[in-house]
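The following block contains the structure, expressed as structure tokens.
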Amino acid sequence: MFNTDLDALIPMLCVTLTALATLGTEAFRGRAERLPMGWWGLIGLGGAALSAALLWNRNVVGYGVIVADNFGLFVTFILVVVGALTIMFSSQVVYRDGIPAGEYYALVLFSIVGMIMMATATDLLVIFIALEILSLAVYVLTGVRRESAKGIEGAFKYFLLGAFSSAFFLYGIAFTYGVAGSTRLEAVGSFLSAQALSDNPMILLAVGLLLVGFAFKISAVPFHMWTPDAYEGAPAIVTGFMSTGVKVAAFAAFTRVFLSAFEPFSGDWAPLVAWVAAATMILGTVVGVAQTNLKRMLAYSSIAHGGYLLVGLVAANSVGKAAILFYLLAYSVTNLAAFGAIALLGSRDRDNDELRDYAGLWNTRPALAALMTVCLLSLGGLPPTAGFIGKWYIFSAAVSAGYYWLAIVGVLTSVVSVFFYLRVVVMMYMADREAGLPGPVTVPGLGMAALTVAIAMIFYLGVLPTQVLDFAAESIATIF
Amino acid sequence: MIPLHHYLIVSAVLFAIGTAGVFLRRNLITILLSVEIMLNAVNLTFVAFGRYRGDVDGQIITFFVMTVAAAEAAVGLALIIALFRHRESLNPDAFTSLKW
Amino acid sequence: MMPLLTLSWAAPLAGALLLLLIPNRDGKRDGMIRWLALAISLVAFALTLVLWARFDQGSSEFQFVERVPWIPAFGIDYYVGLDGISLMLVVLTGFLTPIALLSSWEGIEHKVKEFSVFILALHAAMIGVFLSLDLFLFYVFWDAMLIPMYFLIGIWGYDQRIYAAIKFMLYTMAGSVLMLIAILGLAYLHSDATGSYTFDLLKLYTLQIAPETQRWFFLAFTLAFAIKVPLFPFHTWLPDAHVQAPTAGSVILAGVLLKMGTYGLVRFAFPLFPTAAAEFAPWIAVLAVIGIIYGALVAMVQPDMKKLVAYSSVSHLGFVVLGICAMNVQGVQGAIYQMLAHGVSTGGLFLIVGMLSDRRHTRLISEFGGLKSVMPRLTAAFLIITLASIGMPGLNGFVGEFLIMLGAFRWDPRYVVGAGLGVILSAVYMLWMFQRVYYGEVTHDKNAKLADLRPREWAAAAPLCAMAIVMGVFPMLFLKPMEPAVRKVVEQVGFSQPVRVQNPEVKKPEGGKEVVLNVQH
Amino acid sequence: MLALIPLFPLIGFVVNATLGRRLPKSVSGGLASLAMLASFAVSVTVWWQLVGMPAEDRSIDQVVYTWLASDDLTLPLAFRLDPLSAVMILVVTGISSLIHIYSTAYMHDEVDSEFARYFSYLNLFAAFMLVLVLGSSFPVMFVGWEGVGLCSYLLIGFWFKKQSASDAGKKAFVVNRIGDYAFILGMLALFARFGTLDFQGVAQAVGQVEPETSFGIVSIATLLLFIGATGKSAQIPLYTWLPDAMEGPTPVSALIHAATMVTAGVYMIGRNAVLFSHAPETMLIVAVIGAITALMAATIGLVQNDIKRVLAYSTVSQLGLMFLAMGVGAFGAGIFHLYTHAFFKACLFLGSGAVIHALHGEQDIRNMGGLRKQLPITFSTFAIATIAIAGVPGLAGFFSKDEILFETFAEGHTILWFVAALTSLLTATYMSRLVYLTFFGQRRNGAPAAHGHDHGHGHGAHDHGHLHDAPPAMALALIVLAIGSIAAGYIGLPHALGGHNVLHAWLEPAFGLHEAVAEGEADHASLELSLMGVSTLIAFAGIAIATFIWLWRRELAASLAQTFAPLYRLLLNKYYVDELYDATIVQPIKVVSQQGLWRGFDVRIIDGAVNGTGALVSGGSAVLRRLQTGSVRTYAGSLFMGVVVVLGYYLWR
Amino acid sequence: MPEIVTFYLLAGILVVSSALVIGQRNPMYSVLFLIVAFAALAGLYIQLDAPFVAVAQIIIYAGAIMVLFLFVVMLLNAPQEDAAEWDRTHPLRRPGMARVGAVLAGVLILQLAYALVRANELQAPVGSQTGPAIVSNVRELGKVLFDRHAFAFEATSILILVAMVGAVVLARREGES
């Protein structure tokens, strides 16, 4: 192509351009006009996927800070999937809930741009900016239903804590810069590999503060407190989007920073991360048990999933890295599908996201109930679904790194998590609908189609994971 | 010449004041200001390090941080306005309908 | 060569998917779906019989082996094979599924399609468990099987079904996830030793593992299997699951699912970790013996028929575990035979109890009485199954128990002294129940007009009764194909080979105060 | 050929069990009887074949198929006919046939389906009994052993609507199972020791070693087998089921609980004579248990009022004598008594059945009396059998019992001899009492209400005038058995009386013992004669006592009971053994299981632990979720705390 | 020496006025104190040979951003903290928790100070390695900004766009869609 610097940016550019196009369309649409603006996004994401495919194995670097390596491209693929599913689910929900469509899609796309940027950046400063792009977009998306007090409240909590934590993150960058003299990961890495960690407390501060910043974004305990509130307050589909996209991007950057630049010191930082991972898995699952709101329950569940991903990070070997990638994909598809289903079941005046709203769903909407069940089983890690392979991969990473205890915590908490996933199943299949609850809503066809696609992917990843596993393993060969 | 760690300690104190502000104040706007203090503390660190290292990266990063701070302030204030519309209050404790 | 093994689990699964495609929202096609499901299950059964017919009974090797790389990066293959041990269990599975479907003909009134789909899916997963020679594949089937069972209990069960279903699922999962860790650990050890991951069971058999590691891995495997068996004191999911499950669920649960635990011990836990197995076998055997007695005693005082039968399973499966712990040919063969026998007889008990419960909507023993004069045919069938269950010679239960006790006796007679009490107690609880339900005058008016076995119920009960007799009279039909495989396992584990008494004359006369019966010591 | 013997009744069973309910009584009953007769015919044929063989290799073996094989264990379903089993099959098929025929009349009041069910059980019993007898190895014997136990269970509980009947059936089965438990252990011990379970194999193997002088493995194995025998043959401590078993139809009592099944234990010991004689300690135990059982049962029999129960205790007592014989090594004598006992006890039971039949279910002898004239056939056959069992010289019981007494004495077990003699005295007494109370004096009606209603349909009316004596089918059986009671003893006519003890010679090779019992006998001829005299005296004394008390001075009985009230109550209540078992074993097990194991341990502790884990998690959940206060400042606090901890960890690791 | 005096003076003003920012109940005063703090900070920047940053600090921060804050404060017209006692039954919402936060802040200072003091190489005076010429050269600044940080610069535009759209979405009045 015309400029190797730009090559690496093409996926991002595609999405950015369509985001701008969406905004433009919004600006010029009539007041009551309904335009299928989601298509812009799908086009952009398609372009991103295509360009990413063309960039595969080329390892081009853009402006020294963006690298289209396989790792980044794999994450880009995941993000494309997340974005596409989100847009497909949103298409009806947006109009149903009276969300300003143009801004909504633009923000979704911009945040995807931020996510891709974060996943492919090799400069701490760019990572920070990308983080802010995606965060600001997601804060706004959380509160996009301004008439909803919960939405705004969730958005504000998310925003305030996000700003707070990004200050810590930034402080970490400052120390990294101070010690290594650069924010480029490559430079930091080569500087650090010549050091012994315990010599310089500034590096320790840098590691700790960066860890806090990432831990916040992936909602690891004890930096998770915003998660349930933000997830509950946001519209279901936004929750689906941010519980997956943000986590994917944050984990990609986390992995890149900690398993490349800071890898020489993994023996030093890993034990603490292991404890954080354990705490995250335990708290996420245990507190999930008592929840009665489905979104909140899944919020805790996604905290726990963050813990599983951390296990892969702790393992800090090639299996672990590949496992993170695979798990991210499996988790994203599954979780997004679950939230998509929740979103589809809502109505303008009721979110229908309490557990009791799902009672007897099997009788009224059997197909939706079945698809939802598959999502839940996949989240619970039961074969033959994607979630099972993902967990298996993660735990094999832990085992191969000798972290047996972490793997044991992981499997036991996933048993507990099955309990609350099954509560939903119990509601759908084994309970009768309470009198007085509104009847079932009609579910738009496109939403069902998206759900079906997601389920197909869950099964594909669960039964024939070889190809994707191979891609994931290939992706981690070059991580810079 | 003033040793580097003087600056760093000042910025550390500033940073800590910012964090404390998040806890001590029961006004959303002041809390937002506290976050601004934290960001400025980081800026001071950057500039100090940049001066110590003798390159301009530190200063440049400061510009980006300012931009980010501006963007955050815009969104944050918009959120505060939206919040205020719902419940005529700026006390963070007033917004606890999402919990447990 | 047809991929017979794949067919044997894929056919029912395909059948299930086929059923899923039939639109039946209003339940108008229930009848057709019932027949179709039955036909599918019969085809599946026929497939297992084909396997048996083509099986080379003299060989201890795995047969009909199919191997396709699945996840090559981790040495995971789709690797299935059949030896004498799994053959028998596969046939048992094939045999019980049509019966389970028949048993639910009237009992299941709503969502017939989904019910049939779950039964067939369960069937596929169970067959898969027995065929897998790749630990990963095994685990997939092992866990996948929980899902349909969960739904069967949770949707079509009785009052406490949700509690029971969740307990079943979580308890079994909790055990099996630790096994997953151990499986991963094995693969990792293999890659440590040879440089490549593998989940190939046969390769892992040859892996040299340090005793300390063996100990942990063995415990992880054994916990998973012990919960499934269930071995005392891991049994409490069983009464709940059994009691709450619909008849078909109970039949399959008792008939096949429990066997997976004991199968796992024979196939995985013992041969993979022989050193640890030798170390722990005495302790497991102690639990088994406690289970035999304990299960029987608790069964005795149950007011609920299904619960009684459930606890009796704890007792019977204790025998199986004891036989496995003995790890000699007779013990293990007996154990496997007992698995089959228990599948048939306890399946039958649940079947008939289910028929009673369908008629009266209660399973309390005290609600019945004097049924013999009302329903003599059902009584006769129940009697045969009862006798089979208490190990009457000439019926299926005896052969297994006898071989187990023989094997265990040659290992350490003390266990048999305890286990044998189960022989007494099983008669006590079964006959006491039989007496209270069938003998005496008809005390409840509702019982006076109960219908005897209907033709369809005959079709379900008769094969079980016939099987109980055939297995008792011609046990060699079943023992012979499994012997080479059992011998291989025993040699592989090889910690307890009984001394053969070939020439009694070389034995010196007993002297001194020795009361030790154990000749091999 | 051998396989045909059990096969005929098995076919009878199958036909009656499957089609029986649609067949008329004549067909189903006839079929069953015919099956038995066919079996008897075959038995006679093979026996004749055996007779034609030279004495030393009189045995016919037949392997039907390999029943069970695993590793070094091979268990063919094999039958062996040798002199011992030949005697047994003749007894079994013969008496079975008679009782089948008797039953066609006795059970005639049952409806078709029940009638067929009865005969199917009876046939099945015969089949299993024959398997037991013919089996050439322990496990095959065990098949029959358990099978007859099953049939016993089914037949005792034949009138299943009656609680006592089903209780009794269950009790019989369970008590037998206790014995079977020991039996299985015994088998296992033998296999572990000798590597075979074939009778001959074991005998050969054990023949290689010296008899055990201490309590070794052979002793343990034999003791376990003997415990099995005590279950089946109703010996202490497992005898309690037999008296209760009288709840079954009377022909069943005659066949199973007198003539055949209960003797299986004796037969088993005889079958393994070599083995047992290698365990002298066990033999002593056998003898002592036998003697004690004999005496104890006889004392109980003295005061019982139920006609069948008296006979039941008598059976227990006689079986005790047989075990005594086995225990002292007089295998021939034991089997001889088994054989004679089969005749007279079957005759007694069938006679009592005829009485009960005539009285429409009345079983309490206090409500009987004076039946001598109304039931002449019954009375005469019953009386003959009584004399036979009492040991009056010239009848079957005398020869066999006397041989036991003699052998016991000759082996030097004087105390045991004394006990046996006392038992004989008591036997003569209580049997005579039974006859007097039943058949002599006047019919009594005032006694407490009928003990049990044997017949489901009993009219309950006591019509003095027209009682019907046994119908032809029953009479036939009674007469044949009475003749047997007289004549059966003569095949064992002792040398001392100039006989040749044909039976003894016939059985000799089957036991495989080479001790020359016969030689010893010659030396003891005079001793034998004098002991015979004593026996005769004892028999007459017993009868005399009974005559005195229950025929001439009837009020004496009551006053004796008054005088020795505690003793009387003790005997009447059978030494309270049932109560003792109930209180020390049955109830504790029930209570412990119910309250302790199930409701306490299982529900509270084991299940409690499982549910507790669940509760712990959900409790933890309820607590931990409270951390999520909803206040953003708490959240920031958590975050900040995390920062401090993380930094602290890294700075001060 | 004078530079040390200046440093301590500026640092003192900075810290004290920052502390006063969070010591005010009236957000209006807080904003004003913050502006003072930023001015002092700008002074420190100048002392660190970063005049351009100092100018930007005054113009962008003290000027633009703080004005935005003031605007909102006045828009909402809520000069005092909300005095209402919101639910404080929960132990973690008691007023005392604020003190815990303050304590934690103290701990954080200690940790940072400990680390910084222990980092020996930092004892070196600022600027010991290179002269001020390069650092304070605005041209150099521009070069580096548009060379090494060109992408970050472009990315910032998206950030601002997002913030803009976001603010519009959030702050727009109801019923305007």
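Note that the chains are named A, B, C, D and E in the order they appear, and that numbering of residues resets to 1 at the start of each chain.
In this text, contacts are C-beta pairs under 8 Å (C-beta built on N, C-alpha and C of every residue); 3 or more make two chains touch, one makes a residue touch a chain.
Just so it is clear, the model here is predicted, and its values are computed rather than measured.
Asker: When you check each chain against chain D and chain E, which touch both of them?
Answerer: A, B
Asker: Where the contacts of chain C and chain E overlap, which chains show up?
Answerer: Looking at chain E and chain C together, the chains touching each of them are A, D.
Asker: Looking at mean CA positions, which chain is nearest the middle of everything shown?
Answerer: Smallest centre-to-centre distance to the global C-alpha mean: chain C.
Asker: Compute the centre of every chain as the mean of its C-alpha atoms, then state which one is farthest from the centre of chain A.
Answerer: In terms of C-alpha centroids, the chain at the greatest distance from chain A is D.
Asker: Give the label of the chain whose average Cα location is farthest from that of chain E.
Answerer: Using the mean of the C-alpha atoms as each chain's centre, the farthest one from chain E is D.
Asker: Using Cα averages as centroids, what's the distance between chain A and chain B in whole Å?
Answerer: Chain A and chain B have C-alpha centres separated by 26 Å.
Asker: Between chain A and chain E, what is the gap in Å from one C-alpha centre to the other?
Answerer: 30
Asker: What whole-number Å value describes the gap between the mean CA coordinates of chain C and chain D?
Answerer: 36
Asker: Report the inter-centroid distance (CA atoms only) between chain B and chain D in whole Å.
Answerer: Computed from C-alpha means, the inter-chain centre distance equals 96 Å.
Asker: At least two other chains touched by the same residue of chain A: list those residues.
Answerer: Those would be 125, 129, 132, 136, 139-140, 143, 146, 152, 155-157, 160, 164, 201, 204-205, 228-229, 290, 416, 419.
Asker: Identify all positions of chain D at which a residue touches two or more other chains, and write them in rising order.
Answerer: Where chain D meets two or more other chains at a single residue, that happens at 614, 625-634, 636-637, 640-641, 643, 647, 651.
Asker: Could you check chain B for residues that touch two or more other chains and list them?
Answerer: 8, 15, 18-19, 22-23, 32, 50, 52-53, 55, 57-58, 64, 68, 71-72, 75, 79-80, 82, 85, 92-93, 95-100
Asker: So, with touch as defined above, which chain pairs make the list?
Answerer: Inter-chain contacts occur between A-B, A-C, A-D, A-E, B-D, B-E, C-D, D-E.
Asker: In the complex, go through chain E and note every residue touching chain D.
Answerer: Checking each residue of chain E against chain D gives 90, 92-93, 97-98, 100-101, 104-105, 107-108, 111-112, 114-115.
Asker: In their complex, what parts of chain D are in touch with chain B?
Answerer: Residue list for chain D touching chain B: 625-626, 628-633, 636-637, 640.
Asker: How about chain B: which of its residues touch chain D in the complex?
Answerer: Its residues touching chain D are 19, 22-23, 92-93, 95-100.
Asker: Give the list of chain A residues in touch with chain E in this complex.
Answerer: Touch residues, chain A against chain E: 9, 16, 23, 62-66, 98-100, 103, 106-107, 110-111, 113-114, 117, 123, 125-126, 129-130, 132-133, 136-137, 139-140, 143-144, 146-147, 152, 155, 200-202, 204-205.
Asker: For the complex, which residues does chain B have touching chain A?
Answerer: For chain B paired with chain A, touching residues are 8, 15, 18-19, 22, 28, 31-32, 35, 38-39, 41-42, 45-46, 49-50, 52-53, 55, 57-58, 61, 64-65, 68, 71-72, 75-76, 79-80, 82-83, 85-87, 92, 95, 97-100.
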